[in-house]
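Shown below is the structure under consideration.
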Amino acid sequence: MSQVHEGAAAPSGAHARGADGSRDLRLTGLTKEYATFTAVKSLDLVVPQGEFFALLGPSGCGKTTTLRMVAGLDTPTSGTIHLGDTEITFEKPYRRPVNTVFQNYALFPHLNIAKNVAFGLERRGIKNTRQQVADMLELVELTSQAHKKPTQMSGGQQQRVALARALINKPEVLLLDEPLGALDLKLRRGMQLELKRIQTEVGLTFVHVTHDQEEAMTMADTIAVMNQGVIEQMGAPSELYENPRTTFVANFLGQSNLIAGEIEGRDGDHVKVRVQGAVASVPGDRAHSDSGKGWLGIRPEKVLIAEAGTPIDAPGDVITGGYVTDVSFVGVSTQYSVMMPWGQELTVFEQNTGARSMLPVGTKVDISWRPEFAFLLDASQDAKAGIEDD
Amino acid sequence: MTSTAGVPPVSTDDTTAAKPRGRKLTGYWLILPGAVWLLLFFVIPFYSLVASSLFDPKGSVLTGYEMTWHVGNYVDAFNQYKGQLGRSLLYAGLATLTCLVVGYVLAYAIAFKAGRWKNLMLVLVIAPFFTSFLLRTLSWKLILADDGWVVGVAQAIHLTDVLNIIGLTTTDDRLLATPFAVIAGLTYNFLPFMVLPLYASLEKVDIRLIEAAGDLYASPMRGFFKVTFPLSLPGVVAGTLLTFIPAAGDYVNAQLLGSTNTKMIGNSIQSLFTTQGDYATAGALSVILMVIIVAAVMAYVRTAGTEELV
Amino acid sequence: MAGVDRRTVFKGAGGAAALGLSAVALRYGFNTPDQKQDPSTLVAKDRSAQDKTLVFSNWPEYIDEDDGKYVSTLTQFERETGISVRYTPDVNDNNEFFAKVKNQLGSGTSSKRDLFALTDWMAARMIQVGWIQKLDAAKVPNLHANIIDSLKSPAWDPKRQYSAPWQSGLTGIAYNKAKVGEIKSFEELLTRKDLKGRISLLTEMRDTMGFLVMIGGGDPENFSDDEWQAAIDLLKKTRSDGQVRSFSGNEYVQDLASGNILACEAWSGDIANAGDENLVWVPPEEGIMIWADNMLVPNLATHQDNAEKWINYYYEPEVAAKLAAYNSYICPVKGAQAAMEKVDPDQVDNELIFPTDKTLSQTHRFMALDEATMRTYEGDYADVTGA
């Protein structure tokens, strides 16, 4: 499969490199306004060359519009798009070294698989496409299907054809618009790994638009979480998950318990927060507010739970007075809902290590967590932002 | 074509003999309405036509006709009317081609560019059907009148000279009573039959496929010829058939807009049936026309690669 | 039966049976019978006395209508006789009407009509095959007393025993005097250089060929095959010279008025009704073709008596004058011209209604053709007209 990559050396060399020689994708002040609403608001973004980049957000957040502007299918109201030093903001789509894997694949139904894959090469006047098409079909493991029509194939196969059809052009940036959205869960998991493998192999910049946070975290080097036309937070998946900066990110990426508190102020490396009578301290780099009211956030799997009175192996304060209102057993773990004395239900995930049997509903419990796992957010934000209705 | 009438859509596998009799017959009952329709409106008229094409030509309307397997009618009819036959196919072909070009542009505009005017434009395409076919054709006599402004403009821009050179008009610098007028009339009358199927298939073309073509380095022009046009082929095929078949058999346009030198096969068949009362030749000519059209259609559909239509 | 299963045998047998059935159906199923009838055996019991109605099929716009104080001839007839008339204008074309009644009259059943009006040649054809009842001469005295001489004895019904002209017309030449000089003869029409490509002739074979026979010196009412051939050849030559622009049914008036054609073969009534003073109808020097639409009583008509009353009524000069004043066709009734003084004095001298004796003396009718000759002639004519 490496032969594919050898052939791929050409495109990047053909274009002017950035100041540091890179071909990063840079969006600057990118805005798209429609008659009744603004889809993308002054977006600034740099996607380093060769990265697997995910744009994550709920539907309507502007991620697809952003993608379409990069592809040239929509024209920005203002702002610029650069590839390295080349501005491509208003370049015609067919003149951009960018290809797209469309949400519904958009395979040409009148052409067979081989012809679909060869389409881009042929349009650029490349005569002998046979070998490249064969290599590409081999890469996506569809060699034996070359002469079928798209409608004769399964969703997963079509998805791979769409990928091959885009990749064969060795674009500098490959855009993927919810590429796995139409696949069932099992197939989706498989394809996620497959996509990641291919990206690693060909080494191109992938910009992947999705609303599936798990998908984004599985594949991406960097995730940008988008909401209402702006980027809320950007970073490596673990960074985003462990240290969300907004309630939206905290809720959209995984789940969070957000407990109202009064920030008492900075104390060295930590910020102290008074929460329901107890005082918690949050590491400074995880505190995104240092005065007034705040949300103290803790991920459910970081919360430790024990029957009231039994000791908990945690250095932080133990909060007592809760009782279990709901238990769901999900195999690897058990999910508890715990009603706290101040009337808030917290969610707790506990690994099924087998050390203790499940706590039945009504059990009085104590909970605790390690202070370094908590994070602190500004209370002016909606605690429910980013919680999907379903 | 006729064989489909006799084939029941149920399995008559021998092993199912034990099945209740009623259920076995259900299939036959279900196709009965279709079969009766086919029999009444296709099989019987078709047999009648074939029978009259084999009538003894010595008969007449009043003395009666007898079917004597007189195959010679075909030879006579073909030899006598091959001129009109060829002309019909030529005129119908040219009219179909013109319809295709004009109709495609129109259908494309309606499907992709009309926006909220789409429905209004579709209504306008069908609007001519609200007046009679005959009246519409007659009105072209006024439009193309020798002293009218259309002819004046055509002369001024030397269109008439060009048409003369390619043989679509005569040397008198007029448009009426020329092949041009007949072809124009056919084009006008059958244009909606081209536009509607074209629109239907263009409207179904997924706009995202056109975007995908653009994304894959196809300029709008290349994208059209590589994606939009191939995807609209079912409409092109349906439209050309709906235009060509009736146009080839039309006689009104040639009668009203043409001259003695532009008569089409429809005029001959009409004259043979009504004025001359020569059922044998008329029948033979009708069958010949039908065979030619069916053969042409099959060849065309095969080339166009849309076998699903047949 | 080795190697051949039952189904294949069934299929083969079925196919052969279908083929055989098809052949039989083709051979016997669609023959058309001899249409000749004997009118003397197809007389219906006359119910005129007890059922005072009359069913009459005529050409459209061919009769006057009640208008304010004006009482139409039809209403007047109904008042005088107490017969109610079902007048249907459903004759648009001789051939079309022929096809409409062919199956009934040809098989000796009733056409559900008591009376219809058809042009000479079609009337002749129907009388020839015995579809038409004889009129009782005693019941239509006005017809025999008042019919104008030029229509009195056509070759196909010399004593007017079967038919009575409703209206008559002349076929001649018309030209647009605003655009072209006077045209006197049919020959001029076919040869004058300034008319090249700007004339039209009628698709009606008998009208046009009558003139061509006359140009060759023949008599349209009695000509030989050679004379016919010469006439056809002349027409062919005229066509190949590009003199004729088109052969038209009845849309020539529009072409003449709009200048698409300068002159044409035309029916007098059309030009009279066009109301365009630039359009002039002239009787050609060679002679004029005269035609009539004739009232006929078909076999098994149940109200022949009423029909005869109707015919007799319309041959009263005053009634005929009223009808003619409306129609502007040639009135077939003697004495109508005098009666016109009372009806509409302006029309008394209208030569398109009351041609002069000199004009009438130049009129010719086309001879009656038997079925086979008719087909040959129509075929020859269609060859030239391009159909």
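Read from first to last, the chains carry the letters A, B and C; within each, the first residue is number 1.
The working rule: contacts are C-beta pairs under 8 Å (C-beta built on N, C-alpha and C of every residue); 3 or more make two chains touch, one makes a residue touch a chain.
Computed from a predicted structure; not experimentally measured.
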(request) Draw the chains as points, connect those that touch, then say whether the picture is a line, ring, star, complete or other. (result) line
(request) Return the chain pair with more inter-chain C-beta contacts, choosing between A-B and B-C. (result) B-C
(message) With centres defined as the mean C-alpha position, give me the chain A-chain C separation in Å.
(response) 89
(request) Compute the distance, rounded to whole Å, between the mean C-alpha positions of chain A and chain B. (result) 57
(request) Starting from the mean Cα coordinates of chain B and chain C, work out the distance between those two points in Å. (result) 34
(message) Under the stated contact criterion, what part of chain A meets chain B in this complex?
(response) 71-73, 92-95, 98-100, 102, 104, 106-110, 119-120, 123-124, 165-166, 169
(message) Help me check something: in the complex, which residues belonging to chain C touch chain B?
(response) 6, 14, 18, 22, 25-36, 95-96, 99, 102, 106, 125, 128-129, 197, 205, 239, 242, 244-247, 249, 251, 254-255, 258-260, 371-372, 374-375, 378-379, 382, 384-387
(request) Using the touch rule from the top, collect the residues of chain B that touch chain A in their complex. (result) 206, 208-209, 211-219, 222-223, 226-227, 230-231, 233
(request) Sort out for me which residues of chain B touch chain C in the complex. (result) 6, 14, 47-48, 50-52, 54-55, 59-67, 69, 84, 138, 141-142, 145-148, 170, 172, 174, 176-177, 255-256, 258-263, 267-268, 270-272, 274-279
